[in-house]
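Some structures are shown below for you to check.
Shared between the two complexes below is subunit A, which has subunit B as its partner in the first and subunit C in the second.
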Partner chain A sequence: QKVSVEVLDHLEHLALVDFRDSEGVERLQKAIQFADQLHEVNTDGVEPMDSVLEDRWCLYLREDDVTEGNCTKELLENAREKVEEYFVAPPGNIPLPKLEERDTFLQGS
Partner chain B sequence: AALNDALRSQVSAALKEGRVTPTELCQRCLALIKSTKFLNAYITVAEETALKQAEESEERYKRGQPLGILDGIPVAVKDNFNTAGIETTCASNMLKGYISPYNATVVQKLLDHGAVLLGKTNLDEFAMGSGSTDGVFGPVRNPWSYSKQYKEKCVPKSHSEEEESDWVITGGSSGGSAAAVSSFTCFAALGSDTGGSTRNPAAHCGVVGLKPTYGLISRHGLIPLVNSMDVPGILTRCVDDAAVLLGSLAGHDPKDSTTIQDDFKPFELPNLTDVSKLSIGIPKEYNAPGLSSEILALWSKAADLFKNAGAKVVEVSLPHTRHSIVCYHVLCTAEVASNMARFDGLEYGHRSDTKDSTESMYAATRREGFNDVVRGRILSGNYFLLKQNYEKYFVKAQKVRRLIANDFVKVFRSGVDVLLTPTTLSDAAPYTEFIQEDNRTRSAQDDILTQAANMAGLPAINVPTALSERGLPVGLQFIGRSFQEKQLLTVAKWFEKQVQFPVMQLEEVRRHDSGVFQHQKSASFS
Partner chain C sequence: LAPWIPVVGLEIHAQISSNSKLFSGSQVQFAAPPNSLVSFFDASLPGTLPVLNRRCVEAAVMTGLALNCSINKKSLFDRKHYFYADLPAGYQITQQRVPIAVNGSLSYTLCIDNKMSQMVTKTVRIKQIQLEQDSGKSLHDDSRCQTLVDLNRAGVGLMEVVMEPDMCCGEEAAAAVRELQLILQTLGSSQAVMAEGQLRVDANVSVHHPGEPYGVRTEVKNINSIRFLAKAVDYEIRRQIEELENGGTILNETRAFDSKLGCTVPMRDKEGKQDYRFMPEPNLPPLILYDAKSLPANMNHQQVINIDWIHERLPDLPSVKREKLVEQYGILPEHSFTLLNEDGLAEFFESVVKQTQMKPKKVIGWILNDLLSYLKQHSLTVKESPVSSFLLADLLNLLEKKEISSTVAKRVLAELWKGEGKTPLEIVKEQKLELLQDQKELEQICQAVIDGQENEVIMMVLG
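So, the complex of A and B:
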């Protein structure tokens, strides 16, 4: 069962990462095929496991006290584009172009 | 003191008694790193800061106030741990030029104990891989490729080609760290272990590789791959040294809420003489397809070793073993898809020049920054997390994970103390052979014996056992009960003493730097 171009396009949108070429798409197909082996296992009545530490009550809450911070300068150091104390991003709320208009390998499919 | 000495039993004493100074030790290690550059084990060598740390350590020794066993000891850290002021790249274009603003907790702990940080070691990009061949700085070469032991067994090709085409991989993804320890450039190194990334290269490079229990050592500052499985790994040349490192690194960290709150008491390993009360489990499913007959024989010999010494050796079953690699594949890609989302070019790392929109900038940044392997896993992970697939794949995998973890619980409950298994399917492959299969296939093949321990969160250790017919290291793995590192390491230490794994005789280096090796022993330390 091949993954449809719609789903591949959807994945590129969600992941913001490209398949690049037919090899990339093949890679996904093989990954799904591999994962399908999971269905051989009988998991009736089995609860999903989030963490191996589930019996130990690891995740705790703490008091909402500020214990560290004041490191604006260090944090901004690694950003390429900034203005005063802001990280600068290009305009938002513009969705990625649709498949037909985008420069993607999937266009040919 | 020699660079191939054991940390705890020899170097530490030498430093204390002034027979060698931290600066001398540091300089010799730095020189050795230079002369073994062809191994490509290090991405960044922090020469200036290392020498400064060594000088500070020397001051402390002069005052008679060393911070502990690790004071002045040169160590290396895998390049996916944040190190303040030092570039942290994860062997990816995405983080080239990224200077960490902070130290990972484990790095901070090493520094607080006086260790000298020599540099950051090479890995597969973002720790995805089992060969240390897929990083942007190129593959790591296994130091054993240049050993007398391997060269003696090598079928000579044309002389000019010989050294270039015969070299074998380190395994991965912590190959740089394993190679660094194996080639004597440091006394210990940090790796990470998500599916076997510390134990696999440890086996191929003939060093001790410890994966601690999940929750014992802080992951704060370790650039995450799979939050529910990642652990910092410890690579050393003997089990005692691994215990020393563990002692300085383990314990609750308020900055990592997945570390357990119990007090951790560092321990020294006893010299076990009586193993009659020990029960060793041999999981039959670990006789996996593709396991070399050589390793199978070695495994069997090891089991007999325990039996003949009076231990109880029983065959056990972990029935879901054959599903664990598939389960891992789904959970890993799903968590990776989530963890890699932070790389968008805004706050750190590579940023594309695209300015049309935020989304197109993110897409271009990630397109340019990640290699095929990373992109492939992100896309697969996103597929398994799609609404229509979530139950079928992700939740299903989580259920299978519980079955795998329960297999171990049942076996340990039946009275078994420690499990004994192979670590890898074979000895290290030549690079040219290894790259003929793609990363995912290789990882699926190579992780088979190691990753169930990550699924269950259990501690596991590779102990170098013997040389293969090709003259390359082969190790065996011990898997212990949750948080029972002391028992696990005690058994590992006993086994290490029995097998007397040979010291590598590094040929290349001897030609360049004959002052380094003061003595070559064929028996192991202590």
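So, the complex of A and C:
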């Protein structure tokens, strides 16, 4: 079962991954095949597991105290561009180019 | 032409009133220097992990109980993925599979035909309440073609309250949100001030003919006040009806309310149907809540949230407070509705009643007609009133003791509004407004008037 071009395009939009070439797509299809093995197990009536620690893992509750923050300078050191103390981003999401305009494997497929 | 049935549902995001954020220890505060209230976790730096704030959970449980919900003793956290500059992690931690509270209800009151005397009670079902993170704030600088991002709000705790589509118009939506706002403020779980973004409402609107399935719905965002909520919903209903009657179709889209033009417009930057790729949040185990029966014996108290303990300590909700006011003071239901609708007015009323011999049924008139209308005229809140409850009670005592007439009382009140610090008694004495009680003095005055108007008196006596 092959993954369709539409699905590949959709995945690239959602996750901003680049399958780049046929090898990348092969790898994806093998990964899906591997995961599909899960369907061989009958899970009727079985609750999905959230964690291998099951009941032993208690969610820790923190007291409502202010203990962090106030590190503007440090955080902005990571910014490529800043204006006063704001991070700078493009005006909106830059959409992935349409399939036809892309310079990757999917374009030729 | 077949009638149309409008259907309105609401998604309300209420910012939790807490000192620190939902999953980190940075401070929650409105209007602080940009990016000063941001921890490494909020900025999504690698190697950071979420740690749940106990107070946020308690706020959500309180709210769920107040809205008659079933509290899920086990609820789960999930990641909702989408890309936006103010969401540094690329996902929001929310509760999509099993939220903290489900299946509640909210009762609210409507005035029929704008007549306060004809009030009707309606109910809207609450589908669920979930805990989730707020995103940062984007400031669009169109002139420089860029967006400035402030993460102070990123990670603040939110309660998303989902109301089923049981409403049919802007007025109902507005009344339901107003009641929710009052409940949240009474509980203290959220200050719910819409102007400060602590309460955000999105409306889902569709129309259909009776007997037919529900129509395509649109989502309306960018509603900044309760008044605009009613306008936006009513506009969208009219727009959809017009579109359908002209043979058009309704797109399942997101629209923004333009308050200046009073209409809804399609929102740009919405790339078709979003696929959020929900997945369990791997860094957070299930949230377990307890009640009196299930309370574990050996656990550290600080790590245990007891639903029953919270239930016992819930304050009186607005609907209960209204009933108590009616019962205790003999005022009308519409009076107590107005008392609770103005911040601080009920307390002011009760304070005046305590300090005066005048009956509450009479006091209420002075509060609602005189005090409130003055405050409204000058756009003042009860807290900003130049006339304190002490001064008003003082004035009403003079009236009650018949030292002044009701007309004079209104004049004195007008003087008191100037806030010059004079007491009612001082004003009365200054302007000689006292009612005369002395019989002899009265006779003297009457005689003097008669003496000065001999001709008129003769005319009157002759008939």
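In this section, the second predicted complex is superposed on the first by the 96 of 109 C-alpha atoms of A that agree within 3 Å, B and C clash if a C-alpha of one lies under 4 Å from a C-alpha of the other, contacts with A are read in each partner's own complex, and residues count from 1 in each chain.
By our rule, contacts are C-beta pairs under 8 Å (C-beta built on N, C-alpha and C of every residue); 3 or more make two chains touch, one makes a residue touch a chain.
Predicted, not measured: the structure shown is a model, and the values here were computed from it.
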- Message: I'd like to know which partner A:Lys2 touches here: subunit B for first, subunit C for second, both or neither.
- Response: neither
First, second, both or neither for A:Ala89, with subunit B first and subunit C second
both
Original post:
With the two structures laid over each other on chain A, which partner does A:Ala35 touch: subunit B (first), subunit C (second), both, or neither?
Top reply: first
Practice prompt. For A:Lys98, select first, second, both or neither according to whether it touches subunit B, subunit C, the two together, or no partner.
Written response: neither
Message = Quick one: is A:Cys58 in contact with subunit B, with subunit C, with both, or with neither? Answer first, second, both or neither.
response = both
(Q) Quick check for you: in the superposed arrangement, does A:Val17 touch first (subunit B), second (subunit C), both or neither? (A) first
Check your understanding: Just subunit B (first), just subunit C (second), both, or neither: which does A:Asp50 touch?
Key -> both
Check whether A:Cys71 is in contact with subunit B, with subunit C, with both or with neither, and answer first, second, both or neither. both
Chosen between subunit B and subunit C, the partner touching more subunit A residues is B
Overlap of subunit B and subunit C contacts on subunit A, residues 10, 14-16, 50-51, 53, 58-60, 62, 71, 75, 78, 87, 89-92, 95
Residue set of subunit B touching subunit A in the complex reads 98-99, 101-102, 214-215, 228, 254, 257-261, 320, 323, 326-327, 329-330, 333, 337, 344-349, 351, 354-363, 366-367, 370, 372, 375-376, 378-380, 382-384, 386, 392-393, 395-403, 405, 438, 440, 444, 455-457, 482
Per the touch rule above, subunit C residues touching subunit A in the complex are 18-20, 24-27, 33-40, 43, 45, 51-57, 76, 81, 83-85, 138-142, 145-151, 268-269, 271, 275, 277, 280, 282, 284-288, 302-303, 305
Residue positions on subunit A within touch of subunit C in the complex are 10, 13-16, 50-51, 53, 57-72, 75-76, 78, 83-93, 95
Residue positions on subunit A within touch of subunit B in the complex are 3, 7, 10-12, 14-20, 23-24, 27-28, 30-32, 34-35, 37-41, 43, 46-53, 56, 58-60, 62, 71, 74-75, 77-81, 87, 89-92, 94-97
